[in-house]
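Two complexes come next, and they have one chain in common, chain A, joined by chain B in the first and chain C in the second.
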Partner chain A sequence: MSILGLPLGLTPDQFLFILRGAGWTLVLSLFGFVGGTSLGLPLALARAARKGGLGSWLLRQGAGAYVALVQGIPLPVIMFVVYFGVSIGGFEVPALVAAGIAMTLWSAAYLGEIWRGCIQAVPRTQWEAAECLALTPAQRFVHVILPQAMRVAVPPTVGFLVQIVKNTSYSVVIGFFDLTYSAKVINNATYKPFQVFTIAALIYFLICYPMSVASRRFEARMRRA
Partner chain B sequence: MRAETDGMTIADPRPATPAAPPERETMVCFEDVRKAFGTVEVLRGITVDVHRGDVTVLVGRSGSGKSTALRCINGLEAINGGRLTVCGRRLHEPGTDLRDLRQDVGIVFQSYNLFPHLTVAQNVMLAPRKVKRLGLSEARELAREVLHKVGLADKAEAYPEQLSGGQQQRVAIARSLAMQPRLILFDEVTSALDPELTGEVLRVIEGLAKAGMTMVLVTHEMGFARSVADQLVFMHKGTVWEKGSRDILRDPATPELRQFVGNGL
Partner chain C sequence: MSYDFDFAFLNEYGPDLWRGVWLTLGMTAASILPGFVLGTLCAVGRLYGPRWLSRITVIYVEAIRNTPLVIQVFWLFFGLAVLQVRIGAFPAAVIALVINVGAYTAEIMRAGFETIPKGQVEAASCLALTRTQVIWGIQFPQAVERVYPALVSQFVLMMLATSIMSQISAEELTGAAYQIQAFTFRGFEVYLVIAGIYVVMAAGLRLVLLGCATLAFPRRRRLGTPL
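Let's turn to the complex of A and B:
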């Protein structure tokens, strides 16, 4: 492993330090994806809710407002707001928790929109056919709509995972120890910014590239299907 | 249900009108039914009865309201006025259980609307399993039975996209039959098919008619209407312009129907 760092003039320890940061980047990415999924799916459902009735109007408007709000704020600012907002409330939270909450809030807004589009890409006539077979609304969604929406959803979802991984680097603003942060620390110690950040860039690339390839493969497979 | 007792393989192009007992249950009763989409009045007070065991065919120009009338029967469209009773349920009164209604009333669409991610057998079994809570082996048996009825027993494991339009439409009919409805609605089910495929679908419907299934059809196939209809309803401008036996096509009372039939030939 250290062979990779040595030609660039880093000691094995320094290289391992950066790798540890990369590990936390993966942890935060996982938080972002799991949190984003558990908040994004209900958002997508609310946004795709059928017209009719005050309840569904409130759902759609509420979810729509949330998406508009979050998509209008840069992620590092969300990080700050969450980090300092939570501490104003009198709670001292680790940067990982604050960054995890911020990633969740942020990725949910985008995943929700992606999935809303996928749900709405299933023709209305499929809902109608399911309805005419006396299926309940939940059965219509689970057995008829969701499987079709999921097929469409895989490529853009995997594509968005790449965005999540890259954007965890903004957590550096609240002092979370991730890949970017650890690279910064090593740079401060070695004054070799080009070498250090090239290594960080390579590691980001090695994490993201396989996902991009997978996303393109899924998309190609979808086109064939 | 009764349809199962009769095979459908015998294709008699001109089945005789079944001997009608004097008092038959009224399955669908439209009384001065009105329906508007916004300011556009699509149904302007229609009155029609559908009797058990009868094939009722709605014909008319595009925009005459026949498809809307059909969609009112299973509650896909809510009516704005008048009274509509279907299988004993009063759809003009609020609080009708539409899911309950739809277990009695099947519908087949022009565009088939099969579920593309499920095999033919899974398409047919979905509602019986989820709604009627049939076990897997029971549902399989049922699927075999209804697919045999539409002549597609060998396609159970195929996906819809692997089938021709005519085959897909027959699967859609089988899917509807699997719920053992008391009444089936057909909404221009052959309009998307070429003449050859139209024939195979019409033969299936004809078989159901002979087996005594109550059906309401919207169709542009005038030859088929003439051969299969027990009651013929000519709709024009959102009203029932003329109705009677299939003979009204041969001997129309109104110039509008005469012109419509003339254009159809």
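Let's turn to the complex of A and C:
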């Protein structure tokens, strides 16, 4: 197998094996992002809840505690906790499900924190003006605040996608078949670590780099605006 | 669903966990300063160095930031083994961490240098300071002070990332936990315990690093201005 004339020393089968792992990396990344969004958005809303009343205080503190807790635990450990946690519940789940749940719990904490900042970056006066227009609290948020917050949220969210893709590699600890795992298997079989892990790194790079560039572009465009 | 939690393993395997904690902390402590130096040099090289140096740092930073740490560690550890370089898991882990965190630090420090107003540099040149003096005497201290919170977060993330080093058989905390659960079949409890330990270590490291800031930055120490 050779790319651009470089002899990579792998057979086409081995190369395809690694590519199959890359496919599962993308699947897990998608799980992580979709799950992280569906849990992270409520978290962000709870963290940005308006002051006043015991209910909103509990919301803010609870969500804050979750974020602080998850951000203090390494992702591989979260993977293990979920992996063993679902198995003591008597469920036999594939590694993909355990890894997907772990990625969800983990990315929600970071996405929630990113989006909280974006919601709070919308000036207070926007809330007040919307209130003057007799919009209900839900309408204020959906029609006035959210569109403005989303504009701010695009660059850091795309940037975090890179983190999600990279950190799916930690699922190797619970034996999920992703790009890192498949590369490890091929390395054990061929004992050509430089070739194998360079190929794996290149594939990760090809997935992540365009998103890094896009994130920077969005940010630069916003700074001009 | 009923499950009896059993934390009895803590008696027997407590010392193993303790060794893991110290190895994790040692790995972190050994990587922070070299990583910071490497990152700062890269930031300066990128901003003020000749074009070729600037190019190299860009390639280094982008290559590291867009690939996972696990792959970098495997590349280094298994690669060195093939080259017949015998190096323990601990030094290999520290080298990988320094290279990794250096790239992130480079980006953070670059942002720091870029926030220093131009007037400062011009004023310093008017005082006949050399280019080197301006960079290291005027810009560097202020840049560190501005981005210090970001640096702290990055180093905490690095401490958490050491948990992957058990993959190359470094017996840090996560590696110790893996051994214990293999003996006791109490995986869930073991990992819950070390999750708690990591939370405490992350909070502690953050506190210590912020404490260093209070000592290191006179403006903060004397006037109490926030970072």
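The criterion applied here is as follows: the second predicted complex is superposed on the first by the 219 of 225 C-alpha atoms of A that agree within 3 Å, B and C clash if a C-alpha of one lies under 4 Å from a C-alpha of the other, contacts with A are read in each partner's own complex, and residues count from 1 in each chain.
Simple rule for what comes next: contacts are C-beta pairs under 8 Å (C-beta built on N, C-alpha and C of every residue); 3 or more make two chains touch, one makes a residue touch a chain.
Small disclaimer: the values here were computed from a predicted structure and weren't measured.
S.K.: According to the stated criteria, A:Ala98 is in contact with first (chain B), second (chain C), both, or neither; which is it?
M.R.: Neither chain B nor chain C is touched by A:Ala98.
S.K.: Return first, second, both or neither, reflecting whether A:Phe80 touches chain B, chain C, both chains, or no partner chain.
M.R.: second
S.K.: Now for A:Val172: first (chain B), second (chain C), both, or neither, which partner does it touch?
M.R.: In the superposed model, A:Val172 contacts chain C only, not chain B.
S.K.: Go through the superposed model and pick first if A:Ala46 touches only chain B, second if only chain C, both, or neither.
M.R.: Neither partner.
S.K.: Scan A:Thr198 for contacts with chain B and chain C and give back first, second, both or neither.
M.R.: second
S.K.: Thinking of the overlay built on chain A, is A:Cys208 touched by chain B (first), by chain C (second), by both, or by neither?
M.R.: The answer is second: A:Cys208 touches chain C but not chain B.
S.K.: So in the superposed three-chain picture, is A:Ala149 touching just chain B, just chain C, both, or none of them (first/second/both/neither)?
M.R.: Touch status of A:Ala149: no partner.
S.K.: Check whether A:Lys184 is in contact with chain B, with chain C, with both or with neither, and answer first, second, both or neither.
M.R.: Only chain C is touched by A:Lys184; chain B is not.
S.K.: Identify which of chain B and chain C touches the larger number of residues of chain A.
M.R.: Touching more of chain A: C.
S.K.: If we count contacts the way the header does, which residues on chain A are in touch with chain C in the complex?
M.R.: Residues 69, 71-78, 80-81, 83-85, 87-90, 162, 166-167, 169-170, 172-173, 180, 183-184, 187, 191-194, 197-198, 200-201, 204-205, 208-209, 212 of chain A touch chain C in their complex.
S.K.: Contact residues on chain A for chain B in the complex?
M.R.: Per the touch definition, chain A meets chain B at residues 125-126, 128-136, 139, 143-144, 147-148, 151.
S.K.: Of all residues in chain C, which touch chain A in the complex?
M.R.: 1, 3, 62-63, 65-72, 74-75, 78-79, 81-82, 160-164, 166-167, 174, 177, 181, 187-188, 191-192, 194-195, 198-203
S.K.: Can you tell me which positions in chain B touch chain A when the two form their complex?
M.R.: Contact set of chain B toward chain A: 74, 76, 99-100, 102-103, 106-107, 109, 111, 113-117, 126-127, 130-131, 175, 179.
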